[in-house]
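Notes follow the structure.
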Amino acid sequence: MDKEKTIEVDYIARVEGRGAINIDISKDGEIKDLKFRIYEPPRFFESFLIGRKYDEVMELTSRICGICPVAHQITALRAVENALQIEPSQQTRDLRKLLAISAHIQSNVLSMYFLSLPDLMGFESIIAMAKNHPDIVKRGLRLKKLGNDITELIGGRAVHPVTAIVGGFTKIPSKNKMMNIKKRLKEAKQDAYHTVDLFSDVEIPDFKRECEHIAVSDPNEYAINNGKIRSTHGLNINEMEYRDYISEKQVPHSTALHSHVKTRDSFMVGPLPRVNINFDQLSSDAKDAAKRSGFSFPNFNPFVSHLARAIELVHDIDESIEIIDRLPFKDDSRITFTVKAGFGAAVTEAPRGMLYHSYDIDNNGVIRGADIVPPTAHNANNIEKDLHEFVPTLLHLPIDEITLRCEMLIRAYDPCISCSTH
Amino acid sequence: MENDYSPNIAFIRDITQETSNTNTYTLEPYDKIMKKKFSYTPGQFIMLSIFGIGEAAISISSDPSNNGFINTTIRNVGNVTNAIFRLKKGDLIGIRGPYGIGWPLDKAENRDILIIAGGMGLAPLRGVINHIKNNRDKYGHLEIIYGARTPGDMIFTYEYDDWKKIMDSTIHLTVDAVPYGIKWDYRIGLVTSCFPGMKTHPRNAIAFVCGPEIMMRYVAKCLENIGFNDDQIYISLERRMKCGIGKCGHCQIGQKYVCKDGPVFQYSDIKKFIRPL
Amino acid sequence: MKQSTDFFLLEKNGIDILVKKFLEEHKVFGPIKPGHDSTFDEIKSPKELHLDYISTVLPPKKFFHPPTENLFSFELIENTEWTYKETLHDEKTVLIGVHPCDVHAILRLDRFFSEDFRDPYYLSRRENTIIVALNCIEPSEYCFCESMGTGPFLEMGYDLLLTDIGKKYLLETGTYDGKKLLDGLKLEKADKKDLYEKKKLLEQAKKKFKRHVNTDGLSALLDDDTHDWDIWTKLAENGYPGKSFPCLSCGSCSLVCPTCYCYDVYDVIDLSLKKGVRKRELDSCQLLEYAEVALGGNFRRDRRERIRHWLMCKFGMAAGGDKSGCVGCGRCIRICPSKIDITEVARIIRGE
Amino acid sequence: MFVERINMREKPKIAVFKFTGCAGCQLELLRLEDIFLDLLEFFDISYWVMVKRENQEDGPWDISLVEGSISTPEEIKEIKEIRKKSKFLVAFGDCAIGGCIPSIRNWMPQMEAETQVYHDTSAIHSTKVLGIGEYVKIDAILKGCPPHRENILELLKSYLLKTKPRLRKHPVCIECKYRDNACLITSKKIPCMGPVTSAGCGALCPSLNRECEGCFGPMSNPNPEALASIFRDIGLSEEDIIRKFRKYAGTSIEFQREAGLR
């Protein structure tokens, strides 16, 4: 090292939203300044939700994110239901899980194939890949479409679905159509295995940082919509206790707040923490695929997140089929309840990791307080900490390469920046 | 079952530029039998069709003696007309028709004829003028009043000299405005400004009017003021049109269909349905 | 073509036998839900049929003149060569459970679509459809067919006709085609007593109407250009307090009307710009775009002009009827979010 | 007889931009999975940061799809730059048209919105949320939150055909009828925004047993005042009615009044 180095990316490509990287490295290879700068204009959802009605929350918060509207909807619904003490039916819970899984499939495929794979295969984008690797691109499109189509079948629309409401669904999808989806899911299994192979074979940087991993967890299922908050460092709490353990602070270079576990440090959420913490609950085919991949779990290389997504894909397909098989297709969805004042919180696993919503509702069902922490707000702090340890391992490389690696690390988290600055 | 919705094919035999946004197309039906059978009266219209874009109602601007060739004069204003403007000589175009009721040439026989046209409104009347020219002895005095926005917007300018030579006829040309540097020897003003110099007397006359609706309303009123009865006035209406055969409903005016009861109407029949001035 | 009439009696569950017979060689459509918001849909087994329906959202015109349909498809093969294919439908169909008002509406559309120019799309479907009508014993609160001379009992336009005369259905044949449909079924003949029962029920039904229209001279009144624009302005912009809210121009009235036929035509072509279809789609004169022409022109820009036009059409002669385009089915009254009631409007026009 | 593709020397260049929004419109564009590869055959996607790392930064672009609203001074500058480099600028979705859901905050003092979320508001430079049309001329709009992919496709095709796209502006009620739905307002007294909302979604919500919330924005020539009085009649409070109109298009000229003027 002989020169000062500056790494600057003004507008990180292939992630959702507007973020930047600024890193200054001194002559002796010391990091003088490092920022994962999120400059996406905030939208103040937590402010304007105040004064809206409890039954609008799912519709409004859906617009926090076009990639994971489903996660916001379900979390909002569950938080409201917790406040109003409503217990939805088993079918509603199953359909919600299926809906959430479909969103995971769609989002994880988007992240793997569209946003990150071009890096790992040496292309600037999936568009550029289309000519040389039509089969891979088509597989990506096919898998994404499957996820979207399931969301659309249950929710009415892939982006900002409309059928999930407090207590249930406005319409139950037809059994016929569901059976058709089941057939497609079965066929997609092969695509999922190919995806696992693809992401076990591509070369990823050898980097490891043993930070705290947090995921929603349930002993009986691979948790997405319900569960306790658990971590690799011993956290094991209920969703209502979230704010007792996790806090946020503002940093000057980011419109996204930074999270940390109280009295401890930043932490990671997302597919890798999920697979690490909930490995036992994966379907047996998913576990086998994980074993065959040659990687071991728990794993603390953030770049293994891609593989974790692929493993989840296998699981998601298995669990979807299981749910479809047990759906009664009953028209039981609209339940009656009374509106009353209360506070409710909920955590779920969005595709990018743990998502928290909580609401204060008054006697008329009007929102008096809202608190939302999306996965990327959880991760932003940790991404910066990763970069701090990652960059020094890259200093022998030319600037362009260092820059690309830093971007790749960020893309491994698949940040959703709009979410983080909701 | 015969299908009136399916277009026949015609060649574009010739294209003449009229103004900066108006062309006259000479069409010839592809099918020999259709070419023979294709008969029409001035004032009728056809539906021109381009697969992928749609259809547009266009008046026939030639006179029936034109033997199998059909002239249409088209202004480029929207999707279909724009697509037509992209066609070249020799290209094919979809055509159905002719449809509607044209100018009442039989009723006009032995009467003086007053033709008042504004802008594109001369297109459906050109056939009338040329028909009278070719059958001069059947009709009385012919008076043409034609107005356009500017001299550059006038269509069929190449025929005016011929028209002026028609026996027992008068022709008035007028424009709203003359752009700087353009030579213009005729009148400036609305078509109605020609009325004081008009030769036609209402007594044994029939008036054919075509132009923008607002102009027609105004002209009709002025004609009534100088003694025309509302059943002596014929106007050709324009409405949105989707089928041309009285099924789509769009061209309804009151209880009439412009496409099959018109487009040429006796003014007395539709007066009350036209928006008041 | 009217044939000599046969009269039969049918047990209530005898309908099932009929439907099964129809299903042998026809597609069968009928109301599939009880109540007001039923829909006409395909029936695959007699269980699905609901003759206890009151009205449907879309009238049976949806079978002959569907909300959207392809007229023809075209495809470019080489630079200048193309293929072209008409999309006509001629499946043998039975429509069962059609109320008298809707039958009359079909008769009007029949005339409309075959006069002057023939509409092959409508007519090919229509010619392959057999109508099994159902007389109305119990008119709904929205109905006024009696005033329009289109109900509650039917005298024409059916191939077969059902009347619920209490314990049994009276089944009448109207046409040869209808009669032929019954071939092979052992049916009990009806007698005078049953016909008398039907007559009695008709008299009773006539008395049950809550809505009435006096159509006398209505068309002429509407035609009158000196007529008060104030009415239309109120209907469109102010509402009649206590009676109706201002018109939304939502077009629902004309789409559910069994005699409204207006449509839009457009082409759809695929991304390669090589193949496509010409389609038509039901349109409504209540929409701003309906009378829009090139260069921003519009022949009925004001809401009041549009609602006036609709009523002129419905109570006028435009819609294939001699006296009226309205058959008194009441659908537009029930569907209107603004509670505009065509019978009330008629009263307002008459100055009552 | 047959429409021809406009003769273009090069494929038209498409750019996709994101301003204050949720990326849902871009996602809906990606939802064209079935024809995504065909799309690449006819268009050159030259700027799309969410999908590409190498982006042609300085235009000119034939079609610019702009997602998101304008909510900071920087964004005003950027959208003006983009306008200069774009031949055909599309307000892509409700946010770009009029701010969509985030514009709800336009009715609260900005400072109040900020202090709810941030300790140190000095670092925050947000303004009211407005559509891009407030700052630059737009050539077309794609309504919806998100716009329907078929409508996006229609717009792109119309570019190749050099026609006006067929984007319907009539109310959702029409599409609702096409689907033979019973009306939610008249049969169940459910407050549906369909009668004032632009079509384009195929009456998605009413077909799924729920009221239209108005996510395609105002139709052509709507009568929101009439609908508000109908809502009052079926039991909505004044606050409820304001909430209904102050949602996807509260800032639009059409809905402003019922949304409780700006």
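For clarity, chains are labelled A, B, C and D in written order, and residue numbers in each chain start from 1.
Going forward, a residue touches a chain if its C-beta (ideal position, glycine included) is under 8 Å from a C-beta of that chain, and two chains touch if they have at least 3 such contacts.
It should be emphasised that the depicted structure is a prediction, and the values quoted were computed from it without experimental measurement.
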Dominant chain pairing [most C-beta pairs in contact]: A-D
Centre-most chain [mean C-alpha coordinates]: D
Whole-Å gap separating subunit B and subunit C, where each centre is the average of the chain's CA atoms: 38
Cα-centroid distance, subunit A relative to subunit C, in whole angstrom: 52
Rounded Å distance, subunit C centre to subunit D centre (Cα mean): 37
Centroid distance [mean C-alpha coordinates] between subunit B and subunit A, Å: 66
Multi-partner residues of subunit A (at least 2 other chains): none
Where subunit C touches two or more other chains at once, by residue number: 74, 82, 266-267, 269, 273
Shared-contact residues (touching 2 or more other chains) in subunit B: 51-53, 78, 92
Those chain pairs that satisfy the touch definition: A-D, B-C, B-D, C-D
Interface residues, subunit B side, partner subunit D - complex: 9, 49-53, 78-79, 82-83, 86, 91-94
Parts of subunit A lying in touch with subunit D, wherever the complex brings them together: 11, 13-18, 40-48, 50, 52-53, 56, 59-60, 63-67, 69, 110, 114-115, 118-119, 124-128, 130, 134, 137-138, 141-142, 144-145, 148, 156-160, 162-163, 165, 170-171, 249-250, 252, 255, 257, 407, 418
Touching residues (chain side subunit D, partner subunit B) in the complex: 1-4, 161-164
Subunit C residues touching subunit B - in the complex, by the definition given at the top: 71-72, 74, 80, 82, 84, 86, 88, 112-113, 116-121, 123-124, 223-225, 261-267, 269, 273, 276, 278, 280, 283, 285, 290-295, 299, 305, 309, 312-313, 316-318
Contact footprint of subunit A on subunit D as seen in their complex: 18-28, 30-31, 33-34, 36-37, 40, 45, 49-55, 71-72, 75, 100-102, 104-105, 108, 112-114, 116-120, 123-124, 126, 129, 145-146, 201, 204-205, 208-210, 213, 215, 240, 243
